[in-house]
Every structure is written in structure tokens, then in C-alpha cells.
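Everything below concerns the one structure shown next.
Each chain gets a letter, A, B, C and D, in the order it is written, and its residues are counted from 1.
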Amino acid sequence: MRIARPPRLPGFRSGGLAPIVVILAVLLVLLSARQPDFFSPPSLMSFLGRSAPIVLLAAGQYFVIVSGELDLSVGSLVTAQVVVAARLIDGDPSAGWPVVVLLLAFGVAVGLVNGLVTTWLRVPSFITTLGMFLILVGAVYLWSDGAPKGGLSEEFRLLGRSAFEDVPALGRIPYALLVLLAAAALALVLTRSDFGRTLVAVGGNPRTAELSGVRVGRAKTMAFVLSGLAATLAAVLIGGYSGVSFQAGAGLEFGAITAAVLGGVALGGGRGSVVGAMLGALTLETLFTLMNFYGVSGALEPAVQGAIILFAVAAASFRVPSR
Amino acid sequence: MTVLVVSTLLVLAGCATDEPTTGASGSPSAGTGSGKGSGTGKQSKFFVRADYDKQLALLDTAPTGPAGKPWEQALNPAMVKTAKFRKPGPHKLCFSNAGLNNPWRQVGFKTMQAEVDTHRDRISGFVHVDAEGKDQKQIADINDLLGKGCDALIVSPNTTATLTPAVEAACRKGLPVIVFDRGVDTTCPVTFINPIGGYGFGHVAAEFVTRKMKPGGKVLALRILPGVDVLETRWSAAKVAFDKAGVDVVGVEFTDGDPARTKKIVNDYIQRYGTIDGVWMDAGAVAGAAVEAFEDAGKPVPPINGEDQLDFLKLWKDKKLTAIAPTYPTYQWRTPIIAALKILDGEQVPNPWKLPQPTITQDNLDEYVDPTMPPLHYAMCGCTDLPGYPKRWQ
Amino acid sequence: MSGALSPPARWTPPGVFVALALTLAIGWLVVTVDGGRLFSLPTTVSLLHVAAGLGLVAVGQTVVVVGGSLDLSVAYTVSLSTLVAAEAMAGDDGALLPAIGLTLAVSATIGLVNGLLVTLARINPFIATVGVGLLLKGYLDNGYDGPTGKTAPALVQGLGYQRVGPVPLAFLLLLAVAAAAWFVLARTRFGHHLIAVGGDPEVARLSGVRTSRVLVTAHVLCALCAGLAGVYLASRLGAGAPRVGTEGLYDLESIAAVVLGGTALAGGRGGVVGTVGGVLLLASIDAVFNQLEVDVFFKQVIRGVIIIAAVAVYARRAMRKAS
Amino acid sequence: MSGLLPSPLLALRGIGKSFLGVRVLDGVDLQVRPGEVHAVVGENGAGKSTLMKVVSGVHQPDEGTVEFAGAQRTFRSPREAQQAGIGIVHQELTLLPERTVAENVWLGREPLRRGLVDRGAMLDRAAGLLASIGEGSLPPDTRVGRLGVAQQQVVEIVKALALDARLLIMDEPTAALADHEVDQLYTLVRRLQEHGMGVLYVSHRLKEVFDLSSRITVLKDGRAVTTLDTADTSADRLVRHMVGRELSSYYPDRAQPQELGPVRLTVRGAGNRKLRGIDLRLRAGEVLGVGGLQGSGRSALARALFGAAPFGTGQVAVDGAPVRLRSPRAAMRVGIAYVSEDRKGEGIVAEQSVLDNALLAVRAVRAVPPVRVSRGARTARVRELLAAVELRAAREDQEIRFLSGGNQQKVVLARWLALAPRILLFDEPTRGIDVGARSAIHDLVRRLARDGAAVLMVSSELPELLGMSDRIIVMRDGRIAGELSAGATEEEVVALAVGTAREAAG
């Protein structure tokens, strides 16, 4: 699809954090109004912990989007990873780490295929990753004829489910949160690195990048690989948090993309920040909790979500004529 | 994307059903009291009081038929003549399936195939077409099957109302049509096979939670998806029960069958209300996740219901939960084959063929827990005596 | 048709028809060896019915995609349309036409909203239409427990089951709509302007094209097609079904059909002729796999591969044309 | 005498326009009479393009009035301006490659018959218009994507003519045209003039301005400084009005023979799809000019040497060592840098900061993950370079698209200098750059040569080519048609370019 990226008012420059911070702040205020103890360390910690996967995915999605592409396959990848893990581990405590390594490899592989098909065969990433989505979902169902087999060991699930207990002041720190912080730090370093900056250039103007010696295809492929890695981490956390299920990754690609766009990352590439993407994800999770606390009828939740997304994105894309 | 997901869930939810929602058994009525204050919201327009009463009555009815073989038993059978369908074997049976992409239907279909294998001498061919949970595809499928020279047609409709015309068309072809799981709004099939149904399921669970929970406690109702007839009836029955008992239902949330989402919801409700005293579910898919949510929050697991999936049963046994598992037995997938052969022999068959719908309770829990079977296997498959057990189901 | 003057038609779609021919030929062979009959009357009828439903949506989708936009809300529009139609008819032939009118009016409104969000609010089409989809989902989830209403018997007998030889009325409707769409793209100012907007909105604007108006119209047309598909499905199902659209995956499948037909996702190139081919291709795959009773998950994998492969071929061709 | 003149076709009075508080136009008055070619000149950023966009309805003025054909008008869209009879030939091409010539020409106003697009009429009338400007050979049903830049420019002009406009705006119409094509444009413009059409002619090429226009309005910092009758003014006066500087000492001194170093680059019998039998030697310290018509292969040569469109045959050696220039990276590795003629499309990343743009190449050659955080030292170096090229930018984190063409070019230059290249390839280094920045760029190029770099500079502007080069090769049909020494004349270059001269054998 076409993505126009005209100049915006300074504060609302796409990639600027102003809009998303405002929205998040508003939601948090509403939240505290209804549920003051939401901000008590333990509850806040567990909230952040359980939000880790989608935040990770948003970060991964940032790299793909800023390079001018789109990754619709992450959700199915998460599902596949969880199901595969369950079958390979099948309750065997010792299998944990080897399997994690295997999953990482698988994540990299999927990212690699997405990237190479998109860059070498010149297939629009929307199609590439849509196809990958169908393939992964179909394959994982096929492989496990319709119902996940085996199960995840408690050891494997620790990462997503448990926490450092009795931490002074904070009470408990979920391992998931630590994983997230580590990944976020890494992502931040990446975006400031040569690779990160050139990736933005690739999204902004591939021709210029290429003629300046950037390996455009390689950079984009790397972005997909990062997205695949993020998906793998997310899968490990989600599998840990809530066990094996075909629904594990359901709709996450959509969540991640929305989060990134909410966070000011411009579809089409060249603009946006990884922090914005992650804040966007946090905003979506906050919204979800908010609706639970306010007892919004489950059936209406999609509508509320849709309305907020439309409003937020419209507000953020307010623009002035360019000369 | 979300859309794909929802559709998958549909079939996942399609794991059970009940009487036709309209037509044959009387048109929808407004149902019972609006349930003010009980937080259960307005009654579904799919609630049919007559069916509800019938199903509750059936719960206590003694089945007729061979003991220990519930899939051949029937509740208050009314036999119908089938002489006109008598035919020399071997026969070609055709099956239009609503879908396969959820554990319940997977287990069920494997059971059906095993049943077919036990009759290899009499069944020359068994054609199976999967509608992938798409109404319009199943309509096309049925029409398609009519060109394949089937001796009998078995249909597991994806949706009651919308599949009716196609089934009627099939009946007009003159071959015996057997409908199971969901029904259709027509009496033309030779027989309609299914267990007691959703009202029974929902009622048993709600009644149990209400009874075991501390008086005046708070109940959280977890549902898979809105708008699926199956699950609507389960909920509407539970609603009646809760309203009657004046239970305080603090929330009715949809989990999309996603364990993570489930845990988040339960988590937020525990935080919001300090404690939840009972959990009602319209399907077992995410029962395990719900239980975990309480553990992770360091709260005792309140009375809860699941389904006969082994992961839940194991959890129940290990954690010594106060729990119950109403079932919507997968052994009903055996019956259509048996019925088809009876019909083609001209034997009488019950119509409707109401199968018993056992409930797993603390007392008989141990009979069903089998550590060797996969977590999402359904214990009530009645498949232990079939060829290839347990391999085929693992 | 493809001999005509207009680029949407002149620009060679038939690649997909070659694929279609091959699929049918190989399919026929395999099925025959397997002891079945691919072209038996019922099978053919079923195939054409499947094609009709998807086709109506896909033709509409083509119009927006050619314009450089896309519509991911069609699936919900379809569901809503079946309900509006069936409820308005309430089994009464007298209410037939008014009901259809109402249905089209409702779907047109949805298209209008999509269009305005994309043009006035400048929201990226992906986000905008997904957002609108969520709004509709909320309405459907909240308002409908299941199938409601009753389609007018006349419509059921007519559009739903009537056929001319092996060809269902519905498929003829599809051909008519497709022809109309082709004509609009090739022979009307709107068509020319739409292709221009898809090719390069700025160029179109500088050339005096009212880009917003054009894009909004395109979205309305797309929604109208979805509404028509809804009417057809209502006639097929005899009632309104709140999930038929999402069950049918009409959003993704329609886009798949469009790109299989060789329309560029970026816009400005392609046409409905190819799309119809794409639809028939998807339907034929369905039919063949049905006959062979192949596992649907396997089919999904195959589909994923085919979609990617097809687009890769088009990409290669486009590159050759460029150099 | 003004009393004798016909009433103005277009009259702008006190036009003002601001963007984000930046004053771009300030009280501009301007009049165009029927049948008059009125030139508008000024440095980049002087407001020329904005003024044209106001007239053609793309922008609306904040203040002031537009009077057209005797009536006061406010054009809310290009469409309205077109309907009023104002056509515009845009600086950058506004054509759809996927569509045919005819479809492009009539876009937005397709001829109708019974409410439907009349394809027959479209083709015929397009063919007619093409013929009327001597381009009858161009079939109106070809996809524009298949045409060369020059032909596309022609289509662009026909597109404007198709309006039967009474006022035609030409914004840098010759930017992509070779000299003989420019002549064709002249005849075209004069024909329009005879038909009483008014022409607003914006150009950097003063020669054209003097050849064509009857009056010249000079814009400076958004103001109309003066309007002169072309007859009684001179290039020097004009330039003084524009930049307040004499035209003299326009080009830096050439290299003295003793300044020339060893041979840096040798090409033998090289060729590819666009080039054949290329032989050349490029010495350290010299500026080798490359002339020729559009499409003669002059740009292709630069791109081949940079590995962007590599040679298929022949040998290339750098400092005597054979090299294979398969990709830009390969070229960069042996110290070759390339400044593209298409700055917007291939030179800058519009939405990244000045600093990011300047760092792009340095990062690229080392930017292959595993991650390396950008070195402070490296950044410092690039900052020095930005200063060295006399970049005028508010802040280094400012998005480059807000800079003038000249400053953008300086950033691109700094990007390459950061790699300390020994061979620099410039393709139209000063295209679309105002006079002031232009000489700065020229000085830079020469300075680089002095510091021992070997420079190859493609230019379609004869004065620049002759003024800058120590040696000139002229391309024709993908070959080197001949070589000329520093003292060559414009005539010699043109003769080689169009092939009237005998092949200069050496």
C-alpha cells in the first residue's frame, strides 16, 4: 500500500514521542482513578512482566517497518515456536535450554526466509509474510495434527512465569521483565548503531543508501531476522506465562504493528523510534487492563480498541502543507 | 491476522452444540428474568425455555441400550422406521464435516475413523470433506458429495440455521441423511444424533459453582467467543441458574480461547475485587490457565468447572481442586457410523437420538485421568475399545 | 477482453490464467488417477459458488488496491451485510428490493468512512481499515448471538441456488460485476484518475485530479462489492450470519486473489480480469484438494507457497519490463 | 510607452506566503502580457518555485491578489488553475510510467464521448500536439516508462499544451534536456508566443533567459527585486541583482601541468549495455570533463565506473592494479566516490538529519552487524568536513530536506570526503543549484583535485564543462566521440556531441 510521509508539526513529527506519551499518560490516569493500587509495585511489576512479549514484538516490528517493510508472520511464528517447544520438551526438565537454542535458530531461519524472499525475489513483504503466516499456521497444525502434543516443563516455563521474590521496595521482579529490559537495551543500542542508522536510511531512500555503499537487501533481511528473534523471545515468555496453545500467538502481528504505528513509526519506513514502538505496545496493554477494570463488556472491547487506535493515529498524523 | 484467529476459534468453539435454535423446537423466547443486579446481562435471544427444561429433565433420565456403551445408548428413544433405506452392502459413507481445527473435533474424527475401521467388511468407502468452518464451503461440499454416489450422508453442520437449506436439498435426493453434533431446522434427516446439549452443560457447571462457593460470593464467567450458538446456550443456562440463586457475577469476559489473555483477565479481576469465589467457563480450553492465574496471584483456586480434556483433569487431580467437568462427549462421533449401518440394514433407529452426557466429578475423576494420553485429549472419547488405541489418539 | 485498449486490461494479466489452466489440468489428472471426477456437475457448481462469494469481494478489493489503498474491513462488512439483508427481508419476498437497497446503503456508508479516514484523516489504509474492522466486530459481537433473520425465499431460490446449466446465477453476477468494474477502470474518467492516484498521488493532484474524492469513491465501490457478496451469502445461507465474513477470511483471501491476478499491491497497475483469474485459481485449488481429501492444513501451506511464488514471478516480469 | 502595451494577462500584486512561520514570498508584484515570455530568475530558495505553485493553484497565497485575464482569481487547486487556462511544466517530471503518453497528456481532463473516455480522440489529439512541436515520431500509445528523460520532458510540455492554456509556466523546463533539444524547446516557446500565449519562464541557465525572454523579474529572498527589459540588461547585471557579485572569476584556475600526478584510473576497451569501447586515463590532480547529449552515455560512464551499472567487458585499473567494479561497495573499496545527478532520488535521505546523511557512507562500509556504535572520532571528522564545505544549516540534526539544493549537495560531498576518496565522479554536480552555491561547489571540486584527487565531471552545461575541465571527452552513442584540451570552444564540443565533426582520432 502507499504510505505518504509529509512533514508534521514539530511536536507531532512522526517518530516524535509526544502523541504516544500523552495517550499513555491519559490511560494511566484513568487507570489510577479506577484502581489506585494498580501502581503498587507488585501489581505494576506483574503488569510489566506480562506485557513483555508484545513489547518485544513491537520492538522487533520497529526494525522491519522502519526499513520500509512489514512482518505479518510474527504471530504465527510465536504459535509455531510454542507448539514446537511443547512437543520437543514434552515435560522433560532437561530439554529446556537446548530447545530454546533450537527455537532461536528457527526464529532466525524464518526471518531469513522472509528477508530473502522480500529482497531477492522482490515480493512485497506484505505478501511474503502473509504467505509465511499461512505456511507456518498450516505446517504447525499439520505437524501436530490439529492439537498441540506434549507439554512444556516447569523449568522451561520459569522464564515467563516466575520472578525474583522478596526484592526490597519492588517486592518481586518477573524474569520476563528482566528479559524485556535486556532486549530493550539491546534494541536501543542497535538503533543508535551504524546498522540502526543505515537501516533508517534504507527505509527512507533505498537508492541513496545503495549508492552510498549500503547493502540494502542485507540490511532489510537483518531487520526480518531481528523480528524473528523478537518473536522467539516472545514465544518463550508467552509459552512460559500461559503454557502451550494454538492461540499463543493469535493476532500478535496485528498488535505489534498497531503498537509501532501508535508509537509514531511510519509505515513505509524511514521514520520512528524503537522507544515509541515499545511505548505503543505498553499503551495497548494498558488499554486492555483499563477495560477489564472498568468492566467494559467483553463484546464491546474490540470497538473501544478500534476507536482509540483510529483517534490516536489520526491525531498523530496531523500535518501541514509542504513547500 | 485477527480474522484468521477468530475463525479458528469458531471451530474451537464449535466443539459442542444443542437443539436447533429455531423452528422445530419452537421459536426463541425472551427467556427468564432480566437478571438485574446479578451482572449477567440480558438473556440471549437464543434461549428457548422449552429446550432448556427438556435438557434439564434428560440429565436425570436413565438411558436405554447396552450398558457401558453410552455411544449406543439413547435417552427416551422414539424409534423411526428405515426399511425404505435397506440396501445390500458394502456401503459408501460420506461425511460433510464442519471443521477439524480444534482438539475436540480432532479427537472426535479420529474416533469416527476408528469406528469405520471396525466395520471395514461392510463399508467399502468413507469420503470425508472438511468445510474449514466455512458455512458457504460446507453448503458447496454437501452439494458436491451428492454427486459421489454415497449410500448415506453424515453431516456435522457448521451452523444450524444456515446449513438447513443444503441438508434439505440432500434429503430430497432420497439418500439417508444423518445429522450429528449441531442440528438443522428441519425434520427431514432420518435421525439427529447428539448428547443432551449446551443447556445441560451450562447448568451443571453453574449449579456446581453456586453450591460449592461461599454464599454471596463473586463469580467470574469466562467465555470463548460471543455469538456462537453452542456457547450461547451454555451461557444462557448458566445465567438462569445464577440469576435464580442470586449469585453476584462480577464479570463476563471473552478469552478468545487464549490462555495468556485468560490469565490477564483473571489477574485483573482478582486485583479489582480482591478475591474471586467461583469461576464458570463455557468451555474447558483455558481452564488450566484460569487455575494458574489464581496460583500465580497466590490465591486459593475457587470452585471452577472445566471440560473432560486431560490437562484439566490432571491439574484437578494434582492440585486437589474443587472442580467439576461437564462433558460434551466425543464418543458421539461413533454413533453416526453405527446409525448409518443400522439404517442401511433397515433397522429402526431413535430420532432424535439423545446420547447420555456424563459429568466427571470428584468421585469418578480417577477413572478418566490417564497420564499416558496427550494433554488436549478428551477423556470421554469412548475410544478405549477401538482399534489402534491409544496410538491413534496420541 | 485483454485485447482491449485500456492498460488495466491491456497490461497482461493472463499469467494467472496459465497457472489456472495448469492447476485444473494437473488437478484433473491426479483426481482421475485417484478415481474421482473433478468436472462432475456438482463439483463444478460448488467450485463456481465458492468463486462467486470470494470473487465479489475480490473485485471490490481490486478497485482500492489499484488506487494504492486497501481494505481489511471487508470481512466484517460482508457479515454485517448478510445480517442487514436477512433481517430486513424477514423471509418476505415483498421486502426483497428495499432490503437489498438498505444493505448496499449500509455497506456504502462503511466504505465512505474508510475512504474519509484514509483521505481526510490521512490514516494509513492498513491501520484505518483494520480499525474500522474492529469497530464493526464490536458491533457484531455485541449485537448478535448467531444467525438471525430470514432471507426472502425468492432470493434463496434465485441467487442462492438457481443456475444456468452448470453455471450458478451468482457466478454470472460475479462476471457482470467484474465486467462493470473493468469497464469503469478502462473507460471512465474515474477509472483513469484512480489508476493515476494509485500510480502517484502527487502527479495525479498536479494534473488536476481530485485525489481524495477518487479514493473515497474507490473505497465506497469496494464496500458495495462486499455488500453484494453479503447479499449473495444471505441468499446462500437463508439467514444472516454474523461470522460468515471472518470465517471465509474474505479480507486476506480477497487480497491474495488480487495479487495472484497480478495487481501491484503498491497500486497503479493491474485490473479485475486478473483478479477473477486469481479467484478461480484459489477456488480450483480448493476443489482439487477437496476431491483428494487432502488435509486442509496442508492446503494452507500450499496456498502460502503459491501466493508468494506467483507474486515473485510478477516481480521478475516487472523487472524485465523495467530494464 | 506602457500605455501602448496590451493589458496584462497575469497580474500578481503583493503576493505573500509563509510556511511554518517562515516567510517564503513577500509582497511579490509581477505582470505577464499576452505573447510575452517573462523570465523569473533567482537563487535557490529565492521563492521561484513557490511563486509558480501559487500561480498554478498548488498553494494559496496568504496575502495579495492574483488577477488573470482581467479577472481577480483565487485558485484553490491545480484543477481550478488549469480550467482557467494556466498550464505548468513542472521542474521534476510529473508523469506516470505505467500509463501511455496519451493517458498522461490527458490525465485529469480526459476527452469524453457520451460520458465515457474517448480513447480515439485521446490518441489522435495527443498525436496532433506531438506533431505540432515536431515530435510526431513519438507514438502516443507507448508507456511513458519506456521513454528517455528528454522524451518524457517533451510529453510533460505537451501535457501543458493540451490545456490550450493562455499562460504557460515553465519551471526549469530544460533541466533534463541536451542542448539540441533546448533549441527545439526555443522554437516551441516562440511558436506559443506567436499564438499570443504568455509564458512564465523559470531557469538557472542565464543563456536561455536571454535567448527567450522579453522581460526578466529577479527574485531574492522572496521579494521581487526588480523587473528588467531583457534587451537593455546584461548577464553581469542580472547576476549582481541575484547575488550581488560580479560574474567575473566565475571558475577557479585550472591545474598547472606540474600539478598533475600519476595516472589514477585506466579503462581499456570497457563496455556494457549502454557503453562501447571505452578507453580513458584519469590522472591525479586533474578534472576530466565529460560532455555529450542526454543519453549519449555520459552518465552511464560515471555509473559504470562506480559499479552502479557495471562494465561487462574490458579492464579497469586503479593505480595500475586491475580492479572489478561490480558494485558501489567494490568501487568505494578502491577509493572511488560518486555524486549522482538525481540528488533527490539518489543523493539524500530527505527525512534523515544532516549528520546522518553525512555519515551514511562511512557507516555503510563498516555498518555490517555485528553492531558497532558510531565512533565519536568519526563523527567529529564529519563535522570538520561539513564545516570545510561551508555548509549553511541551522543545526546538524535538522532534516536535510529543509536545506537548499546547494547545501544538500555540500552534505553529499562531505559524505564522500569522509571516505577520503582518491577518485571522484561528479554527474551534473551543480544541477538545480543557485549561482552562489554553484561557484562554491566548483571551488570545492577544484580544491579536491589540487589535493591530489582524480576528478571526472559530467556536465550538460557547456560553460561549466569548459570552465572547469583540464581535459574534455565528449560522448556520443555510448562511445567516446573525441577528446578536447582545456582551451576548447563550445562549438568544438557541440560538433563532437552531435557528430558533425570528424571523429577526433586521438
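Some observations on this one:
Methods note: a contact is a pair of C-beta atoms (placed from the backbone, for glycine too) under 8 Å apart; a residue touches a chain by one contact, two chains touch by 3 or more.
No experiment lies behind these values; they were computed from the predicted model shown.
Counting steps between touching chains, the shortest path from chain B to chain D takes 2. In this structure, the chain pairs A-C and A-D differ in their number of contacting C-beta pairs, and the larger number is found at A-C.
Chain A and chain C have Cα centroids separated by 30 Å. One inter-chain figure worth recording: chain C and chain D are separated by 45 Å, centre to centre, where each centre is the mean of the chain's CA atoms. Note: centroid distance chain B to chain C, computed from Cα atoms, is 34 Å. Touching two or more other chains at once are residues 1, 4, 100-101, 226, 254 of chain B. Shown for chain C are the residues that touch two or more other chains, namely 133, 137, 141-142, 252, 295, 297. In chain A, the residues that reach two or more other chains under the touch definition are 133, 137, 141, 146, 254, 297-299, 301.
Per the contact rule defined earlier, chains pair up in contact as A-B, A-C, A-D, B-C, C-D.
On the side of chain C, the complex with chain B involves touching residues 36-37, 40-43, 45-47, 49-50, 53, 72, 75, 133, 137, 140-142, 144-148, 156, 160-161, 233, 236-239, 241-244, 246-249, 251-252, 286, 290, 293, 295-297.
Residue ranges of chain A in contact with chain B, taken from their complex: 35, 37-38, 43, 46, 50, 53, 72, 75, 133, 137, 141, 145-151, 161, 238, 241-248, 250-251, 253-254, 288-289, 292-293, 295, 297-299, 301.
Listing the residues of chain B that touch chain A in their complex gives 1-2, 4-5, 8-9, 12, 41, 100-103, 105-107, 223, 226, 250-254, 256-265, 267-269, 271-272, 285-286, 288-289, 292, 296, 311, 374-377, 394. Remark: chain B residues 1, 3-4, 6-7, 10, 21, 44-46, 100-101, 127-130, 132-137, 139-141, 143-148, 158-162, 164-165, 169, 225-229, 232, 254 touch chain C in the complex. Chain C meets chain D in the complex at residues 5-7, 11, 186-189, 191-193, 195-196, 199-200, 202-210, 268-269, 321-322.
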